[in-house]
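Which chain is which? They are A, B, C and D, in the order written, and residues in each are numbered from 1.
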Amino acid sequence: MITDPRIYLSIAAVLFSLGVYGVITRRNAIGVLLSVELMANAVNLNLLTFGRFVTGASGQVFTLFTIALTVVEVVIGLAIVVLLYRTRSDVLIDIASELRE
Amino acid sequence: MSIEHLALVAWLTPLAVAALLLVVRPVRHTGKPAAALSVAGATVSLGAAIAALVQSSARGGEAVALTTPWLRRAGEVMADVGVYVDGTSVTMLVVVTTVAWAVQVFSLSYMSDETPQGLGRYYAFQSLFLFSMTGLVLAPNMLQFFLAWELVGLCSYLLIGFWNHKPSAAKAALKAFWVTKLADIGMILALLLQFTHTGSFGWDAHAAELLHHAHVTYLGMPLVAAVALGFFVAAMGKSAQFPLHIWLPDAMEGPTPVSALLHAATMVAAGVYMVVRAFPIFEHAHGVLLFMAILGAFTALMAATIAVVQTDIKKVLAYSTVSQLGYMVSALGAGSVMAGYFHLTTHAFFKALLFLAAGSIIHGVHSQELGEMGGLLKKMRFTSTVFLIGTLALAGIPVFSGFFSKDLILEALLHGTHHQPLLWLPLVMLLAGVFLTAFYMGRVLFLAFLGEPSEKVSHAHEGGLAMMLPLGVLATLAVVAGFGGSWLSGLYGVEPYHFAVTPVGLVGLTLALAGLGTSWVAFGRGAPAPWLATFTPIGDFIRAGVVDRGFAWGYRVALSGLASAVAWFDRYVIDALVNLFGVLALYLGDRARTLQTGNVGDYVYAVIIGVVVFAAFSQVML
Amino acid sequence: MSEFALLFPVTVFLILSAISVVTTRNLVHSVFWLASTLITTAAVYVFLGATFIAAIQLLLYTGGVITLMLFGIMLSRRHSSTTVPNPSEHQLLGAVTAGGVLVLFLTAIWRTPAFGRVVDVGTSLDVGNLFLSEHLLAFEALSVLLLAAMLGAIVLTRTSDP
Amino acid sequence: MTWTDLAPLGVELILLAGALSLLIVDLILPPGDKRILGIGTLGVFLAGLLATWTLPLDGLALGGAYEGDAMGVFLKRVFLLSGALAVLAVQGHGPKAWPRRQGEYHQLILYSVLGMSLLSGVRDLILLAVAFELMGVPLYALAAWQKRDAGAAEGALKLYLTGAVSSAATLYGFSVLYGLSGSTRIADVAAAVSAHPSPLLALGATVAVAGMGFKLGVVPFHMWVPDTYEGSPTPFIAFLSVGPKAAGAAALVQLLLPGHGALLGTVMELFLVLSAASLVLATLMALPQSNVKRLLAFSGIGHMGILLMAIATGTVDGLASLLFYLLGYLFTNAGAFVVVHAIREDGGDDSIDSFNGLVHRSWFLSGAMLLFLLSLAGVPFVVGFWAKLFVFMAAWQAGFEWLVILGALVSVLSLFYYLRVAKAMFMGTTERRDEVPMHWSVRLAVSICLIAITGMGLYPNPFVAVAEAAAKAFLG
């Protein structure tokens, strides 16, 4: 039986880093959103780890909240992406660079 | 009414007028009636100020105050607002209101070509300025002083840029505001230092004691010196001391009456006034005082040198103002409040007189170039007379006010050398300045009024009663103010002043006469003597002869050449150095803006880098 | 078999899925790899005793988010096709930065002395109780948030008004 | 649960009830005339403001995740005022530009203010996360409000993507803070941090704070600010540049300062560095701007640097100065943006050139803008001076002398660009002589801001006293 929460935390850290990698490298706005999902997933894993080893049921409660928050962000993010597509006919993020300097 | 109530009237009447003119558009847009209202306000203010002076004088300049708690922090009063009237502030109050009144009356005629809206705007700013300046003079503490100080700066900005169709005016306004604000950092830091260590913004002896006895040092300076230095840096900006004087000549882009009021008589003297007020603090800071003495003298000499080659009559007067402010600062640095303050008073009258007289000339000739003037004596007798009075006062010729105050400054420096031999240096510079002052003023006087009238001059005429009345009043004051010395010393509560003929005074007088004489030799015909223009033949007066040629050469190389060189240096090096700061900032800004690539990916990357930096920091620190 | 022996292959698959999410060149594949990641994570949740959340993850999160993403992809394409480009750039920069993040996080995790012990994670009843007692206000705020997000998404995407 | 549990949430309930009624009324109203919705929203904000004086808002609410105190009330007034000003300023523009979406616009503003309002007294990490999102999500939608405008979508995308990444970081940090302290209550977290500091806990705290820095827009989380400002409707920016920033600062205070600033200790030096970086970089980048909205955006980033300075002090004085600063900044910045909006409505294009010779066309707008700019620059007689002075005094006393000196230098440098706008207005020339047309709502909004900044500039006492009481109530 695994009794060291740091193992799970490390898995979460790997997921989070992969999310970071995706956020930096992806050019498609939806691709970036997917990477953000990975980061959020890492957070959930963290929370449940702490729930298992430190706090108990409240870890699951916190996770439910973060899942909901993530979904909300996806919803509004996709709406913006659709809007971007309508005005610029593409969703590659580097075409949205009219506003600068 | 009691003194403090009179002071309150003098302070708040212009506020009422300003508020009315600024807020109520129909009133502002009436033009002439708005102007009349403003002048009426200034008149009330002046009357109240004089009445306060009379009462205060009867009571020996005893300090009275009328204040109300203004700012509270943590339940304690941090600062009061109100009026503080003693011998020092009440005289300054009278000086300010007198000059402001004269200028406002003068402007009735001078600005008569403006549109009603423009005139209303002009007088709104004028009243606002008078309110701010009297608020500064009567300030019971450093905080109110600072607020008023900033507000006069704002008025200066608005008034320099008043003729907004001139790009040069807009640029000059910006520069003036910016340079003085830069200097104000000194004041903010000094205020922060003072408040942190004494818990008050007072400038009285009590605050000075606390500062003096705090055993804290900043940048190797005792606390009291750091505070004094901060205040002085701000004064350098407002009172145009080298190298922060660069805004003042440019400020001449404003209407001439504005130059007379703000940039000659009152606002620029605010820095000097501040040192006088805060002298309890300054007198503990010997290093700062020495610095002031030397810097002031250097400014005086440098500006006087530059004034010699200016061809614009207002520019001559502007550099002359810088120079005279240097005299005041130097006197204060030598430890003599009386000398510095006395000169401030007399200078306010005669310099305002000179500026307004110049305004009268400009109004008549429609030019500011000395080369286009000449022979005005025949056309403008009254203006010629008052300009002569102003010149003699500035040059330091006996009977006229400037003589007494300048004499006292020289004595103060000489006296100072007993304790501090280094003060010989500023003394010598100031004496050289005396010669140059007389010389350049003689030059203006002769070039403008003597000689043959030019085409432009032939149409010149006096500007009417509204112009002549203020000139007359100021001319009178420029003569009699010098005799008020002993009375003033009583009012300030310093050791009694009596005029006495002293060796250093005689040296100064000789130099002044020599300066006028030299300038008569050079410009006595109302135009530059021929030998000034060319190396070849000299006029009747000094025909041939090695001595004369030597004189000519000496003038061209030593004086004119030097002056041109200094002027060039001032224009292109000092100015550039101060501008460099701005240019560098702009350059950096232009580079920095390229960081803003517009690419979302870069923005997100910046966020991630921020997170990484935060995370790394947390791991390094633990 | 020990718990660790079970967890190890799951973790490997989890990480491989996650890597695929951020490297696949087809956006639709990315989405399905994300689904795979989320499902595998749900398996890890079971190891952590959070069976309730694992169920939620499978039913709502995976189902909902994946569907949303696919809708998003469809709405931002002119022709429906299963190959949607999902290009990457600056891979080296991304790898270095992400590596930095990983090293930092792992350092922090493993420098911290071992803590915690296995505790009772509670039933879904406990979760519900907590929801409606201690975190009632957050719960209510969340419902408002969902309403606001719905409103925002609708108003942005409807085409009937300018 | 009793009514007393709900009492501290009076303002939030009013906002919620208002938003829901708006939703229903919007459905009933014919598409042609929805003007009443804006007036109704104003009414909701006024009712909320009134409630801050009349209702007893102190105490714990609903299980202890939220606690009302004097600071919360102070902050709520700031949030409500920022919402009210933004809604007021849009009354002329909205019915013309997006007549059918007025109901949604106002509801979203109300939800966002509701989120802020919850942040003003949050005592729990979960509620903090939810309220932060509740404030932020409507802003994403509002930023993209001009749907046909590619710039709006782009600005919104920038806001959204940086926001989403930041919020992932924040949540990661929260998860660690929660896990190692064993509680979602901020007070327990603070206690754990000071009792058992560990590398992971420090990481959690800093990463959480870094994510929250996005909302303030401090360097290096600032890059969305100018682009989003440029692309979005100006009255909304009058809100975005004020309310959420104040709420972000409030959230940081709530997270960092309890337990004698235990969490603050982990990030204080970073705050000083970021404050300096924001001050310098923002000022430099503002210098070459020719678009007034971008100029004000960079100016805002600089102001956030000063906010960080105030938070970093962690003292009662610092917190009081922060609160006062927020109040002053609210009126100053909102006022400036409303003036920009008025010029835009008159056919301008947000460039400095469109301000040329404004003094001849509207004494009111040009005078007001001058005062707003001077207040932003920190010149006396308008509130900006006091706000800056108080922060500087608190920072000086906290020992950040070098930062104060830098701040003073930078504010003088900032005069350069503020005065460029002033110069255009007062010394620029324009052919046009017609009076700038102004909707009554714009005139009213500018007047309110003007009266507020000069009033607070001349007599800041009552406001300072309230801010001090609020700071004391929070820090004890």
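Just so we're on the same page, a contact is a pair of C-beta atoms (placed from the backbone, for glycine too) under 8 Å apart; a residue touches a chain by one contact, two chains touch by 3 or more.
These numbers were taken from a predicted model, which means no experiment stands behind them.
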Chains touching both subunit A and subunit C, listed by label: B, D
Chain at the geometric heart of the assembly (C-alpha centres): D
Which of B-D and C-D has more C-beta contact pairs: B-D
Inter-centroid spacing, subunit D versus subunit C (mean Cα positions, whole Å): 31
Between subunit D and subunit B, distance of the C-alpha-averaged centres to the nearest whole Å: 42
Gap in Å, rounded to a whole number, between the CA centres of subunit D and subunit A: 26
Centre distance in Å when subunit B and subunit C are each reduced to the mean of their C-alpha atoms: 70
Overlap residues in subunit D, where contacts from two or more other chains coincide: 126, 130, 133, 137, 140-141, 144, 147-148, 154, 157-158, 161, 165, 169, 180, 184, 198-200, 202-203, 226-227
Numbers and ranges of subunit A residues touching at least 2 other chains: 5, 9, 16, 19-20, 23-24, 27, 32-33, 49-50, 54-55, 58-59, 61, 65, 69, 72, 76, 79-81, 83-84, 93, 96-100
Sites on subunit C at which at least two other chains make contact: 90, 93, 97, 101, 104-105, 107-109, 111-112, 115, 134-135, 138, 142, 145, 149, 152-153, 156
Arrangement of touching chains [line / ring / star / complete / other]: complete
Contact set on subunit C toward subunit D in their complex: 104-105, 107-109, 111-113, 115, 133-138, 140-142, 144-145, 147-149, 151-156, 160-162
Subunit B contact footprint on subunit D (complex, rising order): 154, 157-158, 161-162, 165-166, 169, 197-199, 202-203, 205-207, 209-211, 213-214, 220-221, 223-224, 226-227, 266-267, 269-270, 281, 283-289, 317, 357, 359, 363, 367, 374, 379-381, 385, 389-390, 392-393, 396-397, 404-405, 408-409, 412-413, 415-416, 419, 423, 426-429, 459-461, 464-465, 468
Residue numbers on subunit D that touch subunit C, as the complex places them: 1, 9, 16, 19, 23, 61-66, 98, 100-101, 104, 107-108, 111-112, 114-115, 118, 124, 126-127, 130-131, 133-134, 137-138, 140-142, 144, 147-148, 180, 184, 198-203
Residues of subunit A touching subunit C in the complex: 1-6, 8-11, 13-22, 24-28, 30-31, 33-35, 37-38, 41, 44-45, 48-61, 63-65, 67-72, 74-76, 78-85, 89, 91-92
Partner subunit A, residues of subunit D touching it in the complex: 125-126, 129-130, 133, 137, 140-141, 144, 147-158, 160-161, 164-165, 167-169, 171-172, 174-176, 178-180, 182-184, 200, 226-227, 230-231
